[in-house]
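Down below are the structures I want you to see.
In what comes next, subunit A is part of two complexes: it sits with subunit B in the first one and with subunit C in the second one.
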Partner chain A sequence: MSKSNLTRRGLLKTSAVAGAGIALPTIFTASSAAAYTNEPTGSSVTLGFNVPQTGPYADEGADELRAYELAVEHLNGGGDGGMMNTFSSKALDGSGIMGKKVEFVTGDTQTKSDAARASAKSMIEKDGAIMITGGSSSGVAIAVQGLCQEAGVIFMAGLTHSNDTTGKDKKANGFRHFFNAYMSGAALAPVLEKLYGSDRKAYHLTADYTWGWTQEESIVASTEALGWETVNTVKTPLAATDFSSYIAPVLNSGADVLVLNHYGGNMVNSLTNAVQFGLREKQVNGKNFEIVVPLYSRLMAKGAGENVKGIHGSTNWHWSLQDDASKAFVKSFGEKYGFPPSQAAHTVYCQTLLYADACQRAGTFNPCGVAEALEGFEFDGLGNGKTLYRAEDHQCFKDVLVVRGKENPTSEFDLLEVVEVTPAAQVTYEPDHPMFAGGNLGTCNPGA
Partner chain B sequence: MDAIILQILNGLDKGSAYALIALGLTLIFGTLGVVNFAHGALFMIGAFCAVTLSKIFNLSYEVIDESQTDFLGNPLKVKTPYVESWFGPELGGAIIDWAVPLAILFSIPIMIAIGFIMERGLIKHFYKRPHADQILVTFGLAIVLQEIIKYFYGANPIPTPAPEALTGSFDFGAFLGFQANAVIYPYWRLVYFAFAAVIIGGVFAFLQFTTFGMVVRAGMADRETVGLLGINIDRRFTIMFGIAAAVAGLAGVMYAPINSPNYHMGMDFLVLSFVVVVVGGMGSLPGAVLAGFLLGILESFASMNEIKSIFPGIDQIIIYLVAIIILLTRPRGLMGRKGVMED
Partner chain C sequence: MFGLDKKDTTLLIIVAALTLAAPFLLNPFPTDSAMAQFNAGYPDLMQRFVIFGIFAIGFNILFGLTGYLSFGHAAFLGVGSYSAVWMFKLLSMNVLPAILLSVVVAGVFALLIGFVSLRRSGIYFSILTLAFAQMSFNLAYSVLTPITNGETGLQLTLDDPRVLGSSSTADGSIPVTNLFGAEMRATYEMVVGPWNFQFNTGYYLSAILMLLSFYLAIRIFRSPFGMMLRAVKSNQTRMNYTGLNSRPYTLAAFVISGMYAGLAGGLMASMDPLAGAERMQWTASGEVVLMTILGGAGTLIGPVLGAGFIKYFENIFSKINEGILHSWFSFMPDGLEDTLIALVYPFIGKGWHLTLGILFMLVVIFLPGGLVEGGQRIGRLFRRKKSGQETDKSTQSTPAE
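Up next, the complex of A and B:
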């Protein structure tokens, strides 16, 4: 006699398993039904702000975060609107992006590539961030840009000055508003020639990582074109704190200019050490010894104190600019936080508005649509004059400021003065320039 | 030749800082048997004593000056330090200018108090625990102290200049009969070296010529016997911990004008100083000082371009390389005693 094992409970179990099995493909492929990674379906859209909240650049990161919060407030219709009022594109109307309220999550890069990638990954995968932006180191920017390319989200770089970010490491999903080392060289060289002449011997101290190398290469090329001789280029470890052993050999090297390709704490210490060693009072080859810091920031100038007075460098933007856009930004930032914004704050604020505007104009959050809207986009009214987001390498081309440490500051913020506004044409280069060669933008990746 | 003299000076200067920190580390290790990884943080707190005193002297009241405007176009608030309004601009200005040397006096009681609190509050509970536990707890403490400083002072370095009179540099070239300007060295770094020599001499004299020092040395050699003689050695060791903290703090105070202090500066020195202690010989005070200067000078020479062109990157590894060689040939370090950390 045959006996069936079929019971009511067994049948229910089997049906449930079978049902789940049939539903399985749709459960796991639900997200792939979306056209691109983290397509926003609700009434809000999430942006990921990836900034150094701990570690040596934490103050810079904190200023970036302030600017991001201000940008989100303005995008959602709060505050006085800041540079949205002066921005030449009028697509944004204070109702968020494409009618969706802008929300944000933050991550901590710790100024370490692996930590930055981990926090960006978490914001994309767990928090559903549609775009990642931020950072204050080129090493981090290049690492996170690569991750965003793979994940299929847009990366709007923060403070990154290495040529490689939009050179050999450029990516179709990555965009940089900040200027780069080549531009610093091109802007500084004519001013240096005017001030110090064309017969100079330069000695370079260079932070030993991607940004330092490309800045040294750029400044050497632009100063040698003036007729300057490069006496020596010495790499210093990023972790160095006392630069006395690197400064001492400069004294008798025959050099009459010291170029410090350092940033952040490195720059503060190397400049302080150089001034302590009396380099600025020294006479070499019948000329006054000079120090140049190609990339300046106000936060660094604050750290170096008195030592920055009279020292030249370049910067992406400065709060003392008198155009309507800069004034509007300084006003809304200053009233909210009580002090003027740094160049890091400015560039990330711009990047947020530019991204939001591109989505609005493209009518989609799809990274490929957004990238297309940004490529070749010409705009004005964000504090740097007429600017082009070049399609070939996703680099912004705009005026560059040459600044000098102010001799008689009137306040604790008044540390730098603008010596010259170098027009964009003078700092523009061909997309296949040797310093930027070797990379490939590739094609945009919408992910999903 | 002039380049060599410069690097010797640099080495002595770096060595001073290493020796001062290593001296404190060794004092604590020799007396209490604790490997104190929070010692670098004490150096950092010392530097921040100078920052704090400078900030206190610069406390200001604001007067609104209608004739000037701030960055937002509002009337400018002009700040005048209280010190200047109390003592007049001349004396007040001088007090602000000499904030770092004055911070020496300010920092001693603070550092001793921090040392006592650290020892009584936390470290004494770890005397009988393995060295690994001691390292973990003191390392954790160092991170906590760092984060506290960062919370109050921010992450950026804070410029803390030396007095105006000591900011220039001394021309050794003219002094030694070389070409003028060939060998110049900042005054403050020379002051730092002299200061370190005085402190190191003071600590040795204290241990060598006072009864207190004699008891401490006896305790370092044989703690149990000294205890059996009815001497409260624990209390003396606590005082030594305070003194070691003060030495680290003073090293930090005087270091503030050399490099603008930031919350992380202690860690940069700690690892090197620990290597210095090991090379000098665990528990040996003269060893720590000798190794401090030796490694400082070696590090400076290794940064010379001539050396680096032969051995690229040697400046980064020289200290560790020398440490390995010394430990292979003299496992107890340069002046290590038998029996220390060997049980």
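Up next, the complex of A and C:
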């Protein structure tokens, strides 16, 4: 046995030595010529789409992936061009990015920071991805953003709503198109005042992790500015599926508004529990009891069914918007997949287009050049009206939608109606706002 | 050699050769070929192979020898990672103090948990360890956020008060983890014709530590202490009746395997300075159990194989998407192509769990001794052809006990 192993090992060693010998003259041809990480040298450029394909946000992830594929098709000149036709910047012409055909690799984040980083790393190290995008949770987005900063590639954040992504954890190589918790609060507050008055007592149930906290903080701040009183804020464990024990105390607290800082399955369960407890029929302090869900999505509304009717929240984008860009996007997405896109699909489609456009305008794939092209970039025609990519924190500033669960849905997709479009000016804040302070963008890192 | 008998020396040398040549062995396909999808020779995955190998070797010292099935080993991995990242934040970017601290902290943590959990055996022990690990996970996820940064995970920032070293480099980025100046992420690329082999500093550091851990595990397996642990597995009650207190032995085994997990955690943080709470979740604990059983519990090399197997699936199979399938089968007529893709699609990409599950079932049903048993069976098949006599000998002295 040992004899045969010896020869096998000998063979291995010999081949290793031989390999090294052959390689010696070519060693410096590959790596040292690159000016930055994964500089595309061939006729194509690779983008990395890192989305949750398993786990609690797999639905959002699947929708994001559809939008990415659509965006790549449009960039390469296929399909009807979608929002490329309505986009205010006309640098893109359907011939890929800077004449290079766009290719992509996909990975599964499993909604875990570790898995997401492993997947992003394999895209960078193995597949030569020049940009990473995706993510359906703030924890994952922040973790991958940190990785991209270190590796020297651009990160275009997907669905991430926490203030921290462009607040205390902001990075020079990371960009976010999606809105954030502060914007939700700022957009909702005036609508809530109009609907429910300025003399209300709010009770918060909050998912017990970073995103939940920043959202609670934002909503508390903006509602207290209206004159509302915050009776209590209660943290619920993320894994909770039954919220009855958290809802019961609300009834006796004297509060007349319940704010659910929950997302995804959590929100579906807590809202269902609250409605089952008859909160919505109750009268407290001589007013109707109300429920507010600050971050809404169509997929969540679908999960909660009947219970969302008449409940207010905010969202980044909705397919029923009637501007040209939204209509074009819904049309090409619908034609390809047979149903309207979610807000997650919309934001990642925009991010892909914005990245491609920035490369084209900068004339390079170098992360520093791309970042420069994105910073302070003002654009229109991507479904949110006039939008600014602010240079100070790499956050997009655009209109925010306040939506309400529709009373009489006409189809299984027609679940939300837009109540008000809050203008961008109203949700804009200073880069050093206390809720976003403590971070440092650092300098852009082009890697190798 | 090294106080090992000939057989173990051979095994150690084989493992060393395989580990050190991994950048070649794991990259068998040219970069531009369609099969490049299956290449695993990039730094991050190679690091994961050896780091999870360490984790599984340590777990095997407890489970393979004493038979105590811990369902909470990920807690030690997580604690190790957090200690290492804190070391980077507060002391220096050198990985040595970080790894040392993570091993020590995980050891102390294991001592506490082991002291309580080992009062019970069997399923009660498993449940106790599971409870402790879930407790640690929940603490890390929300309650202890000031220390662990909760859901987001503990990361380095530009204003870390690093005592030895600077908070940020001259060009305004976060310093890189290193071993006396050798950056962990430094990769030397060797291009041979169409092949591209990557040699990564971090990988080789992990690989050397893995070999040391492997050597230590062999010594433990072959020592009187190891014999005592095996006695615990075969009949603990009888041992107690002979007047021997087995608790110190099991506790020692528990702490040692906790320290192995801590080492793995510290290394993970050294390769990529981030510590997330989900590293402690029960799924992570379950994963190491799967690795050990898949490879062959109680064997020396089994856990390392199992770790490699699972990580390969997680990282390679999960990345095959519909587009890649289309390019593979594009030479076929349309109807056939679509049928084939429809058949294969559920098992790749997001279906990688399914494939792994099926393989796991097959291994457990047909090869109860894990992949190692599979290897032995194949080996025996060949040897029987050569000479009938050697068969008995080789089955007797295989590393699998």
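Everything that follows uses one rule, which is that the second predicted complex is superposed on the first by the 418 of 448 C-alpha atoms of A that agree within 3 Å, B and C clash if a C-alpha of one lies under 4 Å from a C-alpha of the other, contacts with A are read in each partner's own complex, and residues count from 1 in each chain.
In this text, a contact is a pair of C-beta atoms (placed from the backbone, for glycine too) under 8 Å apart; a residue touches a chain by one contact, two chains touch by 3 or more.
What you see is a predicted model, and the numbers here were worked out from it, not measured in a lab.
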item: Subunit B versus subunit C as contact partner of A:Ala58, first or second or both or neither; value: both
item: Contacts of A:Asn269 with subunit B and subunit C, given as first, second, both or neither; value: first
item: Touched partner set for A:Asp199, first subunit B, second subunit C, both or neither; value: neither
item: Which of subunit B and subunit C A:Lys126 touches, first, second, both or neither; value: second
item: Partner chain in contact with A:Pro237 - subunit B first, subunit C second, else both or neither; value: both
item: Subunit B versus subunit C as contact partner of A:Asn445, first or second or both or neither; value: second
item: Touched partner set for A:Asp324, first subunit B, second subunit C, both or neither; value: neither
item: Partner chain in contact with A:Lys282 - subunit B first, subunit C second, else both or neither; value: first
item: Intersection of subunit A interface sets (partners subunit B, subunit C); value: 54, 58, 237
item: Residues of subunit C defined as touching subunit A within the complex; value: 6, 10, 13-14, 17, 21, 24-25, 39, 42-45, 48, 138, 141-142, 145, 149-153, 155-159, 168, 171-174, 176, 185, 187, 189-193, 196-198, 272, 274, 276, 278-279, 314-315, 318-319, 321, 323, 349-350, 352-353, 379, 383, 394
item: Subunit A - residues contacting subunit C, complex; value: 1-2, 5, 9, 12-13, 15-16, 19-20, 22-23, 26-27, 29-31, 53-54, 58, 69, 104-108, 112-115, 117-119, 121-122, 125-126, 137-139, 142-143, 146-147, 149-150, 164, 169, 208-211, 235, 237-238, 439-440, 442-443, 445
item: Complex interface listing, subunit A residues touching subunit B; value: 54-59, 232, 234, 237, 239, 241-242, 244-246, 248-249, 251-252, 265, 268-269, 272-273, 276-278, 281-283, 299, 302-307, 319-320, 330-331, 334-335, 339-340, 410-411, 413-414
item: Sites on subunit B touched by subunit A in the complex; value: 2-3, 6-7, 10, 13-14, 68, 70-72, 76, 150, 154-159, 161, 167-169, 181-186, 188-189, 258-260, 262, 264-265, 268, 299-300, 303-305, 308, 315-316
